[in-house]
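Going in written order, the chains are labelled A, B, C and D, and every chain counts its residues from 1.
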Amino acid sequence: MQVIEHPWFQRLRHVKQMGMASLVYPGAVHTRFHHSLGACHLMGKALDELRAKGVEFSKEECVAARLAILMHDIGHGPFSHALEYSLVAGVTHETISRLIMVRINELTGGLLSKTVQIFQHTYPRKYLHQLVSSQLDVDRMDYLNRDSFYTGVSEGVIGYDRILQMLTVREDELMVEEKAVHSVEKFIIARRLMYWQVYLHKTVLGAENLINNILRRAKYLAQNGENLFCTPALHYFLYNKVDGENFKSDPAHLELFCQLDDADIVSAIKVWQTHHDFTLSLLCKMMIERKLYKVMLSSAPLDHMLAEKQEIAMKKYGILPEDLYYFVFTGTTSNNTYDINDENIQIAMKDGSVRDISEVENALVNQTLARPVHKNYICYLQG
Amino acid sequence: MQVIEHPWFQRLRHVKQMGMASLVYPGAVHTRFHHSLGACHLMGKALDELRAKGVEFSKEECVAARLAILMHDIGHGPFSHALEYSLVAGVTHETISRLIMVRINELTGGLLSKTVQIFQHTYPRKYLHQLVSSQLDVDRMDYLNRDSFYTGVSEGVIGYDRILQMLTVREDELMVEEKAVHSVEKFIIARRLMYWQVYLHKTVLGAENLINNILRRAKYLAQNGENLFCTPALHYFLYNKVDGENFKSDPAHLELFCQLDDADIVSAIKVWQTHHDFTLSLLCKMMIERKLYKVMLSSAPLDHMLAEKQEIAMKKYGILPEDLYYFVFTGTTSNNTYDINDENIQIAMKDGSVRDISEVENALVNQTLARPVHKNYICYLQG
Amino acid sequence: MQVIEHPWFQRLRHVKQMGMASLVYPGAVHTRFHHSLGACHLMGKALDELRAKGVEFSKEECVAARLAILMHDIGHGPFSHALEYSLVAGVTHETISRLIMVRINELTGGLLSKTVQIFQHTYPRKYLHQLVSSQLDVDRMDYLNRDSFYTGVSEGVIGYDRILQMLTVREDELMVEEKAVHSVEKFIIARRLMYWQVYLHKTVLGAENLINNILRRAKYLAQNGENLFCTPALHYFLYNKVDGENFKSDPAHLELFCQLDDADIVSAIKVWQTHHDFTLSLLCKMMIERKLYKVMLSSAPLDHMLAEKQEIAMKKYGILPEDLYYFVFTGTTSNNTYDINDENIQIAMKDGSVRDISEVENALVNQTLARPVHKNYICYLQG
Amino acid sequence: MQVIEHPWFQRLRHVKQMGMASLVYPGAVHTRFHHSLGACHLMGKALDELRAKGVEFSKEECVAARLAILMHDIGHGPFSHALEYSLVAGVTHETISRLIMVRINELTGGLLSKTVQIFQHTYPRKYLHQLVSSQLDVDRMDYLNRDSFYTGVSEGVIGYDRILQMLTVREDELMVEEKAVHSVEKFIIARRLMYWQVYLHKTVLGAENLINNILRRAKYLAQNGENLFCTPALHYFLYNKVDGENFKSDPAHLELFCQLDDADIVSAIKVWQTHHDFTLSLLCKMMIERKLYKVMLSSAPLDHMLAEKQEIAMKKYGILPEDLYYFVFTGTTSNNTYDINDENIQIAMKDGSVRDISEVENALVNQTLARPVHKNYICYLQG
């Protein structure tokens, strides 16, 4: 597959899958490139299983589905979640992935049109999209196992082999056979555990806010005419206003985006440590010297702590009042163990009926778990 | 430790941990000897962790606790669950374990008195008993992992390392720290999965009923004066009425019991295949040739199927009406994902309070899961 | 495959793969049944790889080869090496495996004739036999990994996946591609390590001599008219003279052999502990109470130690001079890291030539390693 | 330990352990930071074992040895082997590691003096240095396992647990007990395999030559006054002549070196793709688009192929004669399975004597293996 050799895809070699999480889990430096290959491999296995069960699809559809999962993350920028709040504010990586697929499709004279349809969920065989993106997609199967493996949090490991073997299709919808209910439950619980223990680990949360703030500050300075060391691609996104419209209207935009990877950000941050702007310099030093925010998580709001922490920030670190929000702030984060409203997991019962995983007998994933859980956090500087 | 070298303990080398389950999972031939050593090892690690956290106990108590877990299964006979319904009807393996400990304690002049107290839950430091026997004991931690490993059902694997590190003691009660809640949840779910997928696998259920029926039939014939090939120890339990009282009143009883292992049962069953009693012979052939009962599991009662299956048994296999219950019968089985009424799992919250695992915020193990689930089954001969 | 369900094959469920080694490695209780299934699985993978490379063979040949490996160990008796020196003196398990295959072939009207040919190395496609039995056969690939896994000696683990992928066939001979040389070297070293560390472990060596001596003594007593508890099948082999001729001339012989498994031996030894023959009784107690021989291994002969150890055996244990050889004796054992004279490993070089693994450039497996290593041992009773 | 938090050490988070190997093994993106932590962990285990065997050393020495291994790679630059041939020509990473330790020792008023002595092998307890750097050091134990794990070449996995347990010290020299001979042999073979299969993989070899040539060309252009995008630290090393003397005489030098990591190189190479120098631009595009050199390995010299490949490079790619050596060139590489002249592995025999691993009975690592193996290679552009 030529897609893999395309520089836009090779770029993912330099985009870490877990962003800042390697600051907590030093082994978690695996890349989106590796994840994409892995997910593509699982897609192949899933389709083999389905074919063996008599589900019919063409060789072309098989290739299209594998390309759709191979490219599902191609729109991820470096430290993606940070970018989405700063450099390319408001444009999600899914949107960019789609735009890149559309663009490659144009350039190749329509070779990817089925892939684009599957990705956009407009292709008739719905299960192909569900394998790419749903609550039981091969994306999750790959990243849960991969992230468990590289963080060493062995509790997130899932037995995807058995789940893949139990996949089935009824009326174009992806489902799993009844006897795999317990395996699917365990998959959902593993994901729940990875969220609360790893992805929303308070230090990781703090580090992601930190890089977000660094890029916001840099963009602010750039917009005000300050000089900043950066690669040409990063320069473009710092010195121009970028929104979804630019991406759609201007192909150059996309090409520049596809030149950005972790190295652009990391090399700039190292240099910015000595920038004359005190706020930018301090934020960058916090990152490079790994003196991250202190973070507290709680189910109750934490805003009452702001005043005291702001006081410390001003007195001990000399932060100006107008820049306090870079150093002391609150936020919320949330996670759904299972979401009954979004591409949910359907069980093909032995008696021919179909049930939601939350509605089988003695369901583990019941109404309680199907509600999102919100947590509040506060980031501040050590007192 | 001399206990390990004692023939009563070495006997466990010849008692399979999972009984008949190796008929379904050919690798699951590991022994109670191996499990007991493993659980003893985990007890050592648990006590090391607790000591490192400042929980105080003497070296003597440490040895006593390790001996208690080492011997917790010493009263298991071969194919234990079958035996408890036939040869030693009504005497549980826990009772026999206790009697053996008491007996060794007498013989050694009181060396095991602390061990006996811990096992019986009469020792002041309650957590020592809870490590031996509760819903988060090292017994479960060892057998879940060991059984997963040997069956190849990797989904039962649990990260006991992390749970052990998070154990703590408050007011003599064993608990786990709040931040291990998700790990404990995963432990409970792994056990749930192992029950429904492995321990209560329908073929295993059928095989256990089969060996139970073989021993019941053999005992019936023995009580009626029939001649049966068997080792002297097995002879004793076939030709005598045995109940809990015998065990307590007559030490010879216990010694004969401690000579029984899987080999006594297997070698007898092979010989009984050619016994002139048609029922015994047929049951034994079913076992040796692995032509086990057909089994159906259902949440609804299955008694309505009995008549049809009895008909087949009589017509196709020539079973006499009075012996039908050996070949066609129903039963129920049940499992608790979590039992809130029995040595439950307590969480030591960061704020100093103590909560049941089913009562923490966003609990996975909630009221629904804390109810036992019952299933009905029917065993019959292939039509 | 019906072969698996045949009682003669199911018997292997009760024959431990590693015999007495579980006395040293408590987890090593896996069975020849499990190993045979595993080797059969690897044969399937090997043939898939070869077919994918264009090696041609029929579906029938594929089944025949898989059956040949499935049944390659069907002639193993319980504690096989002991048996071969006592009960069925002089008849190897390979011979019995072959006889059983021939017998089943007769009973099924020739269904196994290709299998028998492959096993006997008379089938034209030589590589099929080489997959069943050579220095790079799937038998070794399975047992090295399986034994490593169950003993916990992780150093014996081999990467059979890569070796299987690199198998090839030239002029009907099995070989491996040049680029797998290092993997094959590692396979040979892993086997070397397993031999010296596990299979020839001195305690295992002692235990195998012990069971051998128990059976020899029991046979001696039986031949002299003594009464011994045993199952009917074991009775036959104790009370009759058995050699290769009987096996070939009398089918009943083979059928009785196929009723023997570990349980016959273990249940008898337990009972024999109280036999009035002092020698038999003492040997059996040594086994059951795990008071095994002391063993010394050395490259130099150890016969000079016999006199002193015999003295101890007589004085401390009251052994009669004529029975000393049951308790104090010497022997030799040997192992070949690689044998250049027996079904050796051939490398298909990139340049089209074929070389022995010991003759490639910078060969690890050179002349030195290709010589057998002999070791002397002495077994005796603790002083 | 504050060392870990020092920016000079944190820098290793952005230096990949295996350099360009991730182009072949996409998972091999683990860092020198992670490796250093792992080796430090193994050092702790090794010292625990030695202490348990009665080897005496102080707590201070223990910390010093752990710091020595923690910092043994601190002098590695990004894509280290490339750097040593270009930017910092002639200065090895060992030299820089030592200079950094000396420098930190000065800055901390002598806190690291024992560490420096151990690293330089001037400390009286020789075994501490041997644990840091010898043919059986914890460095190798960590990187072999880690590299196997991340590349997925499971055959390189070694059982370091057993080797660590068998370490011992006699007369201040590190050795291993006789019974670990087979484990050590397996360790050496695993390393041999990793070298020929992974570290000297021809594509990896080509990629390392490529980055080396990129940096050489960039330095050549810089020295000739060309303008090149780069971070300030990289600028310094491109635009100045650097040799070992500078490092020793000028502390600023070391500080700039300690600002370099993979991001500086990767971000520059991306930008250099559009540089007007044809040679630099082409080399950089080859890297980013992963159109690497074609490579052939052979035990015979390959220089006779140069003319033909040069012809192709000029005709097909338009390379100028004077720049051909960037695109078509030969070289040699070599590896020692075991080197008998350099910190060799000593075995403490049971009889009290000490032997080299290559001199024990039936040694695997014999004279033949103890000679270095040289291979020739040629890199060229696809025809």
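We adopt the following convention: contacts are C-beta pairs under 8 Å (C-beta built on N, C-alpha and C of every residue); 3 or more make two chains touch, one makes a residue touch a chain.
These numbers come from a predicted model, not from an experiment.
Visitor: Which chains does chain A share as contact partners with chain B?
Guide: Intersection of chain A and chain B contact lists gives nothing.
Visitor: Can you work out the whole-Å distance between the CA centroids of chain B and chain D?
Guide: That gives a centre separation of 54 Å.
Visitor: From the C-alpha centre of chain A to that of chain D, how far is it in Å?
Guide: That pair's centroid distance is 33 Å.
Visitor: Going by the touch rule set out above, which residues of chain B reach two or more other chains?
Guide: none
Visitor: By the touch definition up top, name every chain pair that qualifies.
Guide: Contacting pairs: A-B, A-D, B-C, C-D.
Visitor: Under the stated contact criterion, what part of chain A meets chain B in this complex?
Guide: 154-155, 157-159, 162, 182-183, 185-186, 189-190, 192-193, 196-197, 299, 337, 361-364, 366, 368-369, 373
Visitor: Enumerate the contact residues on chain D facing chain A in the complex.
Guide: Per the touch definition, chain D meets chain A at residues 5, 7, 10, 13-14, 22-23, 26-27, 29-31, 33-34, 37, 229, 231-233, 259, 261-264, 266-267, 270-271, 288-290.
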